[in-house]
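Common to both upcoming complexes is chain A, partnered first by chain B, then by chain C.
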Partner chain A sequence: MERQAIVDKVKNYVLAQFLPGEDPNELTPDTPLMTTGILDSLATLKLVTFLEQEFNITVEAHEADAENLNTLDQIADLVSGKL
Partner chain B sequence: MTLQRYLEDAVAQHGERVAVREPGDVAITYRELGELSDRLRDRLVALGVEPGDRVGIYLRKTIDTVASIFGILKTGAAYVPVDPSAPPARNAFIFGNCSVKVAITESRFEAGLRKHLAEEKAAPELIVIDEAGGGVGLKKALDASPRAPQSATVYTSADALAYILYTSGSTGKPKGVMLTQRNATSFVDWCSETFEPVPSDVFSSHAPFHFDLSILDIYTPLKHGATLALIPEDIGKEPQKLAQLMVDAGITVWYSTPSILSLLVQYGKLEEKDLSRIRTVLFAGEVFPIVHLKALHKILPKPRYFNLYGPTETNVCTFYELPSSIPADRADPFPIGVVCSHLEAAVVDDEGNVVTKGERGELVIRGASVTPGYWNLPEQTAKAYLNSGIGAGDDDKRAEVRWYKTGDIVTEEAGGVYIYAGRKDRMVKKRGYRVELGEIESCLYRHPQVREAAVIALPDDELGLKVRAHLSTRDGERISVIALKGFCAQHLPVYMIPDVFAFHGELPKTSTEKTDYQALMRME
Partner chain C sequence: MDLQWSDEQTHLRDEIAKFARDELNHGLIERDRAGEFNRDGWLKCARMGVHGLPVPTEFGGLGMDALTTVGVLESLGYGCQDNGLVFSINAHMWTLEMPVLGFGTPEQKKKFLPKLVSGEMIGANAMSEPNSGSDAYAMATTAKKRGDVYLLNGSKVFCSNGPIADVYLAFANVDPSLGPNGVTGFLVERNSPGLSLGKHTEKMGLRTSPMSEVFFEDCEVPEANRLGREGAGKMLFADSMSWERGCILASAVGTMRRLLEKSIAYAKEREQFGQPIGKFQMVQAKIVDMKMRLDAARALLYRAAWQKSQRKSVYLEAAMAKMVISESWIECARHAMQIHGGYGYTVEYEIERELRDALGSTLYSGTSEIQRTIIASLMGL
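Let's look at the complex of A and B:
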């Protein structure tokens, strides 16, 4: 799967789940998600479940942190490394 | 000294000067105000009012209201002013609660008041003014009955009640803060010392008379033969008319909540007005968002600015004079300042022990303007005050002294300057962290697009506690949540970033023009 396709899928999910009504243009590949509270701990758990089901991968507990999941770019890196 | 004595002295010294002015060039001199209040005193005494009684005032803010206040004080009774825009049921509850012997009202309020007084099983005598304004309405009402025999003005003791101000109570029923003559005069004397009024001064009267800001407004100018410029309730909320009134009345000392000054600076076209007579700007009641304060200071750089702080239970207890220029990069609100000369302050922890200097704690206050408590609510009174050994034995030999617990969290900096950190009861715990909702508001006010911000915490099934920010913006447009959360992340730890943002044209306000948090809590 192309990297851009991963970014788009995750972006649509984050917008629909955690940012209803938000202008999609505001959410860029480098928008911080965890350090700004857009993804709180509960939302992060939901996102990890989504990634595992959508891309058929396993995200380890130690990977579910702001170093790996803070931006769409980082999430795409994590996912593409596991495909 | 008593409040009624201020007026008697001013009548003797400044009889022909204007004491009170209404819009439209309607005014009353000290001599006339003295006479009108004497006539009301005589009527009240004829109706059976005695020293120690309570008399209600349910009038729009007019010269008639000021004359009523002094007429009541001259009988030795305490006055109980209510909000004329509040529901009659609430006002009838207040009159019933402190069992006023007489209530002074206007025809327009009479039917509603009578109906609800009956429900409260209260039956005070009513003096009904057809239409308050210029003192003429009160005079007509007094003329309508045969002249009452002349009585003498009563100079009550310093411990006698002067007035009761009802504030919203946590139980949902208003509670009456009792204020003695000494509470009021010690504060007014401090105002004299600090603001140095002169007879040529014109003080604004923006706050409604049921609000404690009105004490400075009414008594400080009257003590010095200066003029009180009444601002009626309707004009008080319309920035352009209000700005014009400031010019027309020639106001020299302005006092209001920051909300009103924020409105004035944004919509009052102040830059087009000649406000060069204003020498002092006082504000109190809430934190002044720094963006609006800077904007005001830019338009009006000349006056001295004071941030006054204090709950109704102490009146103003700390104050801070702003520097003559405000640094452009200042983002924090100004301190609440140093304790007033007639009071003492301490900062205590939850156990009532003084904290190490510089640590956070609750501000407690003692001294001449600290009120005796709430009308007929001994339990709430006991909870609100701290009997402590702190400060005991200094000037008296008592083992314990009585402090009022402000419920405000502060830190003390060098020079005894207090920094406001928020309400004790607005401290919530989120994910185990202590979160001060006021601190989140201060952060939101730094955002250039934010006009008003109010943050509340609500129970939440998933998060335990959800922090919701209510905002209004300068252009009325929503701000991107991503942008807002990103902005907050620059100033706050992530657990303090609001979970939800709600946008409004403007935030709901209470009758005293403060943000109505109760209304925000009720919003879905």
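Let's look at the complex of A and C:
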């Protein structure tokens, strides 16, 4: 799967689940998600579950932090590294 | 999902149940009354391999998968009536051993895991605070870096194994301005300067599992004892809770089976109005309800563990298992008491203790209300 396709899928999920009504253009590949609180603790669990099911990967618990999940770019890096 | 136990698994489960029945129940009424931890039983369980069930063999464990582990713990709960001892073992395994295994450096694993597995070292988790329970990440405990140590300041409550622990997994915020993203885990050893224990917390049930407050006052923790990266505490705790919720009540499923069998035996033996009380439909209904709850709880337990064995996240499945098992355990204990009538209310019959032990299960590891919140959220609500 191409990297941009991963970004698009995750972006759509984040917009629908955590930023309903938000202008999609405001969510860029480097918009901080965890450090701004868009992804709180429960939202992080939801995102991890989504990534595992959508891309058929395993996200280790120690990977589910701000170093890997803070932006769409970082999430795409994490996912593409596992495909 | 394959839930067929192999001969080897069955043998291990039978062996553990027999061991628990023979070795762990003596003097329990007195220990419960005194709130006394069974250290001898703790070490016996460790020698049987219980503490290290899911820990790789290179650290002294048995290297079992999650499903086998919960199956064995179910057998432990079936044989062992000392729910407090079983709870202490579970707290040790799921809130300390597994976080070290998942997040620890090679040095941390080598230093702590063999002693945790052998039972020589007892682990505890220090998360809850006087003003942060369900809102766990709103903690006030801080950790400030000073050279190559962190100084921890704050107080923790409801620390299971607190009075007897040799190492605590303590959560503190390294930068409160970051909120939950500053929460970090630390392995704090018992002899650390600045660590002290508060009073022993007396409880309604699980009285043989000691609990206390833990205080940190400029408590020095070497940087080498930080578990995971700075700010990784949120996922460290979430992962720990996922293991704990998925597995900590495996033993309760065994306990429910024991209560069911005890209730059936009593219903067959006890006669009123000229026949065994088990012939009365209202008693039968209670026993059928116990059986349904037991089987439903067991199915959810096995599903969560099986999925964990597939190395998938089980946040939803673990929350469901924890909630259903805990609520079923309480109902089974209530039914068992009702079936035993006045005798069930006496200490001698050892049903009242089972009910007291069960009641805390909808509170610890996240209340039933929190589990429902998690489940709803993970369903997209």
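By our rule, the second predicted complex is superposed on the first by the 83 of 83 C-alpha atoms of A that agree within 3 Å, B and C clash if a C-alpha of one lies under 4 Å from a C-alpha of the other, contacts with A are read in each partner's own complex, and residues count from 1 in each chain.
FYI, a contact is a pair of C-beta atoms (placed from the backbone, for glycine too) under 8 Å apart; a residue touches a chain by one contact, two chains touch by 3 or more.
Because the structure is a prediction, the values reported are computed rather than measured.
Asks: Using the touch definition from the top, say if A:2 reaches chain B (first), chain C (second), both or neither.
Replies: neither
Asks: Figure out whether A:58 sits in contact with chain B (first) or chain C (second), or with both, or with neither.
Replies: second
Asks: Taking the superposition as given, does A:38 touch the first partner, chain B, the second, chain C, both, or neither?
Replies: First partner only, chain B.
Asks: Please name the chain, chain B or chain C, that touches the greater number of residues in chain A.
Replies: C
Asks: Of the two partner chains, chain B (first) and chain C (second), which one does A:23 touch, if any: first, second, both, or neither?
Replies: After superposition on chain A, A:23 lies in contact with chain B alone.
Asks: Both chain B and chain C contact which residues of chain A?
Replies: 34-35, 37, 40-42
Asks: Okay, in this complex, where on chain C does chain A touch?
Replies: 102-103, 137, 178-181, 228-229, 231-232, 234-236, 238-239, 242, 311-313, 315-316, 373-374, 377-378, 380
Asks: For chain A, which residues are in contact with chain B within the complex?
Replies: 19, 21-23, 26-27, 31-32, 34-38, 40-42
Asks: Which bits of chain B are touching chain A when the two form their complex?
Replies: So the residues of chain B in touch with chain A come to 431, 462-463, 478, 480-483, 485-486, 488-489, 494-495, 497-499.
Asks: Which of the residues in chain A end up touching chain C in this complex?
Replies: 17, 34-35, 37, 40-42, 44-46, 48-49, 52, 58-62, 64-67
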